[in-house]
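The structures come next, written out as structure tokens.
What follows is a pair of complexes built around chain A, which joins chain B in one and chain C in the other.
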Partner chain A sequence: MEAVPQNIKSAQNKSFHYQSNHRKTAVILSIIPGLGQLYHKQWVKGILFLTLTASYVAVFSNLLNMGLWGIVTLGTELPRDHSIFLLVEGIIALIVITIGVAFYAFNLYDAYQTGKKRDAGMRPCTLREQYQHTIDKGFPYLLVTPGFFLLIFVVIFPILFMVFLAFTNYDLYHSPPAKLVDWVGFQNFIDMFKLDIWRETFVSVFSWTIIWTFTATTLQIAVGIGLAVMMNQKDVKLKGLFRTILILPWAVPAFVSILVFSGMFNDSFGAINHDVLAFFGVKDIPWLTDPFWTKVALIFIQTWLGFPFVMAMTTGVLQSIPNELYEAATIDGATSWDKFRTITLPMVLYSTAPILITQYTFNFNNFNVIYLFNSGGPAVASQNAGGTDILISWIYQMTMTSAQYSKAAAVTVVLSIIVILVALFNFRRTKAFKDEGKV
Partner chain B sequence: MADRTIIRFEHVTKQYDDDPAVLNDVSFEIERGKFYTLLGPSGCGKTTILRLIAGFIEPSKGKIYFNGKVINNLPANKRQVNTVFQDYALFPHLNVFENVAFGLKIKKMKKSDIEEKVKEALRFVNLAGYEAREIREMSGGQRQRVAIARAIVNEPEVILLDEPLSALDLKLRTEMQYELRELQRRLGITFIFVTHDQEEALAMSDEIFVLNEGKIQQSGTPTDIYDEPINRFVADFIGESNIVPGKMIRDFLIEFNGKQFECVDGGFHPDESVEAVIRPEDLQITTPEQGKLQVRVDSQLFRGVHYEICCFDEDGNEWLVHSTKKAVVGDNIGLTFDPEAIHVMRFGETEEEFDKRLEAYEEAGHAK
Partner chain C sequence: MKMKQAKWIRLSFTYLILCVAALIVIYPLLWVVGSSLNPGNSLTSSTIIPEHATFSHYKELFTKTEYVTWYWNTLKICVCTMSLSVIFIGLTAYAFSRYRFVGRKNGLMLFLILQMVPQFVAILAIYILANLVGLLDTHLALILVYVGGLIPMNTWLAKGYYDTIPKELDESARIDGAGHLVIFFKIILPLSKPILAVIALFSFISPFADFILASILLRSDEKQTLAVGLFNMVSDEFGNQFTLFAAGSVLIAIPIAILFIALQRYFVSGLTAGGTKG
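What follows is the complex of A and B.
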């Protein structure tokens, strides 16, 4: 909205006395969009605005009426009202209203600006000038507009729907079309921390999620870097062959591997207990029925799945570390361990840190391995999530099996807030973000 | 004087697998406290010598002595030698202090001692106060100095420099030449400097080894090597030169371009085929009648200090002249020179024979 020409700005600076009062009149007239523009004799624009307003009212009045009523009440009468549909309609109505208000504000602003220009003794922009101005200054906005509308309905709409759900009692017992859904305020959040079963579940799932994220990811990074360094040693023969073999876990689709592992870890007939451990004389371990051992197995599997990527990446970095650095360290009498600790590790972490962080976020939301291996199980008494459920798989279980939609939405909101805070904190610390500000 | 010698190479050969030798039967001595330069085109073996001294590679044949002891298989960190690498090899994730302190920390030195030594080393290279700087915040010249500080902080007896100035721009390079030379004098330790830049070598060294194809072609002070190159390669590689085939009629009389000229070289067989070198700056332009040679100006470049004039004689030999006076392209001019300006080179002469002959006729010259 940089529509103010330079001379008007300077006029403002010198506390210019306007000779007329067109700007106020125009704004008042623009309470009905278009009239202000017509008052400025911008005929085409005025008519355009009037038409737009009229069609907005004609097309959307019904939706707005229905939507706003629906989102406030979530329905009053069965079987006529379907609460979820009303909620959806309500959210669309809110979005449409926001767009409308934005347009209305623009209309007032435009009328005021043109009025000010006239008051300063200049003629208002002709249609051609206006058009050229739009193309000139507004071209980037013009280009992002379609994407922006898509964003509203593809991204913002579902998020809003989820956030709204978190404040309802939508679950198995309040499920349309048989029942109505009601607003319950912060009840879901209060329950989550006040009701014992919910609190315990939340705390246990949350803490396991954190432990899972750090152990599994750190292990896969450590193993990946370790193997990459080993494979990079000069004396290793058949490097290509070893690297190929080590990359294989990455080549096999993860869900196939996980399902195969799930079979191998089976308590009674799986290969691990039956063959491997039996060979060493270890008695059967309850891989799928004891939460502790399931967790151990999960961390093992994720390490197995995740290390090839880190290894491949690290191999690339290792080969770019100049040999001179190691020679310089050799002169100073550094041992192999010194060299690894003071050169290799810092250099690798230095250049791969951003990607390693994404490994952590990936495992934080690593639904596949948890769900496919043991469906989050085994079940645990006194909580309504499985023993190895992480937040994401718990949410899945709440929505897909126990139909506790509103609770799932509430947990998601809490989860999102945590993730957003962490991400924001991290993002603001990255160099890219800091440099962006300087440019 | 044996105790002045710090490094001695005895018939050292370095060969990888069955490839031709990178270094072929090289012997030389390096004395304490001097500035040495290994000069040669890329692939001549100069960096190989450096890496042999540093201990990164071992010779295939021959012996390397350090302070009188064979060090062929001594690991790099046990040698009193430190290297400044071409790209400095500074640790990018450490700051200046940590870079310089790296070796001391590895040696588990006391913290207060480390601090003191690092500060002193940085003061030596004029970087006091830069301890907390990150490497990427330093300019090329500063990085260079950090690398040198890292080398001298370990108090080596010899510092090896592997083309350390090649990454700097011309102005900075000249500055660093002075600085390095000055630093070497202050420290009083041996510097072995590798370069392919002959001007750098001439400006900085006490002694130059000119290498080509794995062999030392000639060694000596910069003036020796410039004024009396042993063969065509050295004459051509060090500075610009006009090299023409000729014949020694007898000692102190040479024939080339079909004319006979007086010269100051001796010790030849009568009528021996030789090559004569005349440096471009030793040629003066005169009229064709007064000139010892008559040439035609072919092209001319203004080099700032002088004009570089390219001429051809009747036989088609090229003559390069450095003159502060301008010539006109296409003109016929005369070139004149003193007898001292001619340097005569024998074909296939070894350094030993060359030195012996030089001594012999110089004595004879004095006797006259």
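What follows is the complex of A and C.
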């Protein structure tokens, strides 16, 4: 593709005085996709486009018709209409329409481009050339399509569904097939901030989510970096042994460790109260029944689970810091602390920053540790979430146990917006993203 | 003399900290192993060094529960998820790294955003969709959902790594007449083994670690995965099946931990290279 043939260049120069107007004709004909291509005597392509269009209409017209009607009304008549299935069909219809529009736009663009070439006095591409062209231009699309297609159905569609759901009144009392669901606009969001119990719950869950994210993540990063630096001092023996032991929490599947911890922290017969604290002569602590102690335990567990990853990362970076830096610092009379503060730490933070940021977003959404340890409990009076519920586990609880689907969806939307904004803000400032921006 | 003393203090401090850390790490793990060997069923009597060690819980696991079926299910799902994700992610990342096409930047941005929204906030939607297309209670549904969820983040990871492979290599190959796929298989693939190993391992482990999606999509007992099966064991009657659960956990943790430690080196190099640049 790099070598542009001479005739195209000269054709482009002449483009001001076309002899004919194949462009316009082709585009107008292409209102029915394929006709424009046939007009250009691109028989195979034209027939292909026509067939595609015909089958699109034949296969999807019912779905589109039904889906669009469904998504607007969410059903009008019981027991015939099931609002949630109608919503699903509606969203699928919207996705199908988007794909259709993209194809349609491509069809017009293609007819126009070929017409432009003909107007410039060149023959349209033969099938063989087109084939070559399609392979070259279309290859990246070919690579991306399978993954993207899957992504549409298992990730994008569910997210769209939740967004739509946030604007309905789908809950225990408005639940198909017995009842219809209706659009309610921003009511769920308004309720969340206006109704006392919702507002209080939201505020308390949200603030614990923030505290949890910051404390747990910062601790795991600090412990990870600290241990890595200590372990990698030159004169420390048994490095391999220590590294292997300390990496274990990362290597053992997290859900196993969390469940084990929930056994160990059990108030009455867990090993922490029974053996460890008894050994130090400390009285039993209500780990699972007092919100404060559950939070302490959770932060401890997450640090335990998360530090090896940071440690492994840091070890990798430490080995790449040139020794000359330290030697020069020693000559200048720097202490070990100075060296750590001015050489090691900046180097480590700089090269692991993007990964460390994802650690924060990961913990913000760390459902497993909260749910598997104590199901978000213990229960707290005056709010409808458990004492250690973070946003994500609250959403789960609302969906799975109290059937407040639309409220859960509204919280999901709020959560997603927060995560996306914070993460985008951070990513914009990291080097990796700036590089990408230049392309 | 003073230098020597300072060094001695520093080193003993270091060893002290490292030993304490190692102890904290190892204690819960030894405790599970201990529990799994304890006679009796409950937590109450379990000690870290059992007085009458017994393998009866392991035997029970194989004879009285569906453990073997769960293990087989999980392995099957893991292997399928791993192979599919490596293929999809490897190819998608290749396109994003090496070609400039319309929609590329938006695509990357979309992936960046999608990787931040946890997939299972939409469990309800996934359940309804699976129900609608008749894939509820099948492993296929679970595999597809896992693969889809793995794509955004790992594509970034792989793309970051591909970007570090010099473009001159592709160009010279292209001049020699190599096609698109030949370049991928002969140049990119061999050079990006470390990151693909990382992705393979990540995608192999994620079905092991996931419990929510599996518990929602799989209904019948004989289709469960290990995570769900073991969780039910603990949550049903807490404390009463704990030793059984411990035995089940040990049998999962040991192979995974060995796999992990063996591949650890790949891991760090793959992540730091992909992470800092991508």
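The definition used in the following text is that the second predicted complex is superposed on the first by the 312 of 439 C-alpha atoms of A that agree within 3 Å, B and C clash if a C-alpha of one lies under 4 Å from a C-alpha of the other, contacts with A are read in each partner's own complex, and residues count from 1 in each chain.
FYI, a contact is a pair of C-beta atoms (placed from the backbone, for glycine too) under 8 Å apart; a residue touches a chain by one contact, two chains touch by 3 or more.
In this text, all values refer to a predicted model and were calculated from it rather than measured experimentally.
Contacts of A:I47 after superposition: neither chain B nor chain C is touched.
Touch criterion met: A:E324 reaches chain B, while chain C stays clear of it. In the superposed model, A:G333 makes contact with chain B only, not with chain C.
By the touch criterion defined above, A:M347 lies against chain B but remains apart from chain C after alignment on the C-alpha atoms of chain A. The partner that reaches more residues of chain A, of the two candidates chain B and chain C, is C.
In the superposition on chain A, A:I190 contacts neither chain B nor chain C. Once chain A of one complex is fitted onto chain A of the other, the partner contacts of A:V203 are absent, as it touches neither chain B nor chain C.
Only residues 84-85, 88, 135, 137, 139-141, 143-144, 146-148, 150-151, 153-159, 161-162, 165, 223, 227, 230-231, 233, 235-236, 242, 244-257, 259-264, 266, 269-271, 275, 304, 312-313, 315-317, 336, 351-352, 354-355, 361, 365, 367-368, 371-372, 392, 395-396, 399-400, 405, 408, 412, 415-416, 419-420, 423-424, 427, 432, 435-436, 439 of chain A touch chain C when the two sit together in their complex.
Of all residues in chain A, those touching chain B in their complex are 322, 324-325, 327-334, 338, 342-343, 346-347, 350. Only residues 7, 10-11, 14-15, 17-18, 21-22, 24-26, 28-29, 31-32, 35, 42-44, 46-48, 88-89, 91-92, 94-96, 98-101, 104-105, 107-108, 112-114, 116-126, 128-129, 132, 144-145, 147-149, 151-152, 155, 160, 180, 205, 208-209, 211-212, 227, 230-231, 234, 238-239, 242, 245-246, 249, 252-253, 256-257, 260-261, 264, 267-269, 271-272, 275-278 of chain C touch chain A when the two sit together in their complex. By the touch criterion given at the top, residues 54, 56, 75-78, 81-83, 85-87, 89, 91-93, 102-103, 106-107, 150, 154 of chain B touch chain A in their complex.
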